[in-house]
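Below you'll find the structures, each written out as structure tokens.
Same chain, two partners: chain A is paired with chain B first, then with chain C.
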Partner chain A sequence: MRREIPLFITFLVGVIFLFGPITTGDVPLVGMQFREIVSVYLSPWTTIISAFAIGLASVNLLRLHGNYVARKRPGWINSAALVFSMLFFTVARTIRELRPADPDIVAFYSRIFDNIAAPLSGAMFAILAFYIASASYRAFRARSLEASVLLVAAIVVMLGAAPVGAIIWDYFPSLQRWLLAVPNTAGQRAIIIGAAIGGFATSLRILFGLERGYLGGE
Partner chain B sequence: MNWAKQLQNIDRRIIYTILMIGLIVPLIWPIGIPLSTQEVTRSIYNIIEDLDPATDVVLLSFDYSPASAPDLHPSSVALVEHLTARGIRWVAVSFWPEGPQMSEMIMRDLEARGLTYGEDFIDLGFMAGGENAIMSFAQDSRVIKTDVRGNNIDTLTLMDGIVDMNDFAFVIGLSAGDPGYNAFIRQAVDPMGVKFAAAVVTVSVPAAMPFVSSGQMKGLLGGLRGAAEYEQLTGIIGQGAAMMDAQSIGHLIIVAFIIVGNVAYFFSKKN
Partner chain C sequence: MKLVPGNIFGFWTMLFVSICILLIVKLAKDGKFVVKLRRIAGLEAIEEAIGRATEMGKPVHFSPGIADVTGDTAPQTFAALEVLGYVTGLSAKYNAELIVSIRIPNVFPLAQEVVRQGYMAAGKTDLFKEDTVRFLSSEQFAYIAGVLGIFARQRVAANLMIGAFWAESLLMAEGGAQVGAIQVAGTANMHQIPFFVAACDYTLIGEEIYAGGAYLSQDKVRLGSIASQDYIKLALMAVIFVGAVMMTAGNDWLRVLLVK
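Up next, the complex of A and B:
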């Protein structure tokens, strides 16, 4: 029964979610529509589970890096900084959530978020620009016909997207728009449809218990 | 040819230094390169221009974190400035944990300028659950009982008459990833017919284009360029326009290095 009960729950919940958007009548013996069962009983559970998932990830991270600090593993200073930052911001935000109308607490949290977390996050993301520049220089070489097409497309899109492209050549912006609107859209649609069909097939396998990886265990 | 081989293997520190100088100089000494406006940007502008300040309320979904803020926050500011200039009230919500802090930055500035929280705008905060949270909120926009300041939403006049997402005149998703515009299209646009547009980070523009072509999204602001175009349309110049010169120089530098690398490659192949 250890496997059968979770599989049955998966099937039942999956069927309710599946029929929710496509049926209108009341479910016999229940007296509610499938979509009402979803919104009243199931949706709050997904919200709760998502919140707990965030909490679980945080606890796991604290446990892992706390262990590094305790055992003084190489680089434990970085782990100590991580643990301190996580605890500090957790406590600060918790207090802010408990006292949302207190202007001093709101201002304090905003100050530390805007002046510490936000600039550091932005800087980490901005570093990618330099990696992209270096990677583009090394990767975009016209070694073959396909590589040449990619190279030309990359140059057209980069110059078409920036205002300076229109100054260099009038047609860069319209070429860039055409590339995005026609070949890119065609390719993206193929990917979206393929992914949707694959997702539907996987969902059916999960629904009927053929895919059991989510159960964990052996 | 030694020079050809050297040009194919330029030290990355040289690339980083040249790029850094190329990005910083235009920020200090702006060039003012003219910028054209794309139809996907103008569509959003026209929709907001046609809204009725007396009756219409707009929903802004702040679904990005500080990491994406340099690319996306200027679009948020540009949209809010337009709504404010037209006197249109708006409601903020977020399906990313850091989203409320991004909307708070904007609201703090508006309150300092004399606008009133609760009358001109409100923030419903973060709702966990990803796409399912978007579905819940789309079907019942009163599912969040209190706003970020602890007020019961039944006491907020801005939420009067708002039952589900269709009661918002326009919904704009400010998306840096998942959950984002994709989830809004699946859970609100297609099943309920919600009028929706999005501002996305630059790397998401190619993936978002099919939804603009199909009409599921009424418009699209793509990264910093989208913000700059929108600022140009509204006449309220902000960070978007200020950074476009830097973006232009940055793109030019990357293209120049690509061309140099390929020229050197061809010369070395020839020999």
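Up next, the complex of A and C:
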């Protein structure tokens, strides 16, 4: 029963979520619409489970890094910074939630979020620009036929997009547009269709309990 | 109870396709339909990557993507967990250290259980440590900062990224390349595939990640499911061709049917 009960719950909930958006009218013998069952009974459960999952993950994080700090493992300073930041933001946000009408507290939280958390995320995102350059430098080399095609296509697209491309050759912009509109779009659509069918088949296997890898052990 | 207009054709198509998939899976399970998959270099390279990590005495990093187990990217996460089970078995076999980094809290207990069961099945429960599966952060870029920190401090020798990825994909791939890790990546997120192709040694494109579990386990049910996908694609290609011809001839009967 240890496996059968979760599989049955998976099937039942999956069917309800599946029929929710595409049906209207009350479900026979239940007296509610599928979407009402989702909003009244299932959505609160997903919130509760997510809350427990966040709690479990947070406790694991604190335990792990608390151990690193206690045993002074190499790099324990970083773990201490993580623990401090986590507790600091937890307390700050809790106070903000408990006193939402206090303008000083709201302004303080906004200040620390806008001046610490947001710039850090922005900085990580900005590193992408440099990583794109380094990845392109490594990837665009004519080592094989496929790599050569990639290189030529990249050159055409870059020159087609840049104003200097039109100066070098009049047809670069139209060639770039054709490359993106025809072969690139065709390839993308083929991959999207294949991935969508694959996702559907995987979902079906999970729904009918044919796929149990996520339960562990198989 | 009735179907909402605009979903009628979709519902009956879904039902028909589901019946086809289940029928082919049943035939494959009973041995009446033998499925052979083509060679997928990326999946075969996973064992090579883990073996390399063992030789170098460095850890293997696995990321099941940054998507949740709900929503339209959930199948990618489940596909990644299937591959994680296989990777855990190989890590146990080769005694390689495994690090699994998690972004979504909902995925954390699932990944922990998959890894724990994987080590138990291999008879190496002592290899499962408290920090084998690590929740890093729910914030996308805080998560990737944590992953890059793992790469820099522990100098991973193999980096496996299977699942749904977004902007952090290139950060992870380049970070792995900078520490010299052999990298196998796979995603069905169209917009990230080019980054993986450019930065990784092996890339699984789109539906190849869904074939991962079947290919690696050679389980008849999963193989049957993969075969059924191919038949559905063939049918879809026929519909697209017929639709294109009809629309070119000025007949939109099929288009009207599709939106019923």
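The definition used in the following text is that the second predicted complex is superposed on the first by the 182 of 218 C-alpha atoms of A that agree within 3 Å, B and C clash if a C-alpha of one lies under 4 Å from a C-alpha of the other, contacts with A are read in each partner's own complex, and residues count from 1 in each chain.
The rule is simple: a residue touches a chain if its C-beta (ideal position, glycine included) is under 8 Å from a C-beta of that chain, and two chains touch if they have at least 3 such contacts.
On a predicted model such as this, the values are computed, not experimentally measured, just so you know.
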Chain B versus chain C as contact partner of A:50, first or second or both or neither: both
Touching partner for A:141 - first (chain B), second (chain C), both, neither: first
Chain B versus chain C as contact partner of A:158, first or second or both or neither: first
Which of chain B and chain C A:115 touches, first, second, both or neither: neither
Which of chain B and chain C A:188 touches, first, second, both or neither: both
Which superposed partner A:124 touches (first chain B, second chain C, both, neither): both
Touched partner set for A:206, first chain B, second chain C, both or neither: second
First (chain B), second (chain C), both or neither touched by A:90: neither
Set of chain A residues, in rising order, touched by both chain B and chain C: 21, 46, 50, 54, 117, 120-121, 124-125, 132, 134, 136, 138, 140, 188, 192
Footprint of chain A on chain C - complex, ascending: 1-4, 7, 10-11, 14, 17-18, 21-22, 25, 69-70, 72, 74-76, 78-79, 81-82, 85, 102, 105-106, 108-110, 113-114, 116-118, 120-121, 130-131, 134-136, 138-142, 144-145, 149, 153, 167-168, 170-171, 173-174, 177, 188, 190, 193, 195, 197-199, 205-207, 209-211, 213, 221-222, 225-226, 228-229, 232-233, 236
Interfacial residue positions of chain A with respect to chain B in the complex: 21, 35, 39, 43-44, 46-48, 50-51, 54, 100-101, 110, 113-114, 117-122, 124-126, 129-130, 132-134, 136-138, 140-143, 151, 154-155, 158-159, 161-167, 173, 177, 180-181, 184-185, 188-189, 192
Residues of chain A that touch chain C when the two form their complex: 21-28, 33, 46, 49-50, 53-54, 56-58, 60-61, 63-64, 67, 74-75, 78, 117, 120-121, 124-125, 127-128, 131-132, 134-136, 138-140, 150, 188, 191-195, 197-206, 208, 210-211, 213-218
Residues of chain B defined as touching chain A within the complex: 10, 12, 15-16, 19-20, 23, 33-36, 38, 65-71, 97, 101, 104-105, 108, 127-130, 132-133, 135-136, 139-140, 143, 148-150, 191, 202, 205-207, 209-210, 213, 225, 244-245, 247-255, 257-262, 265-266
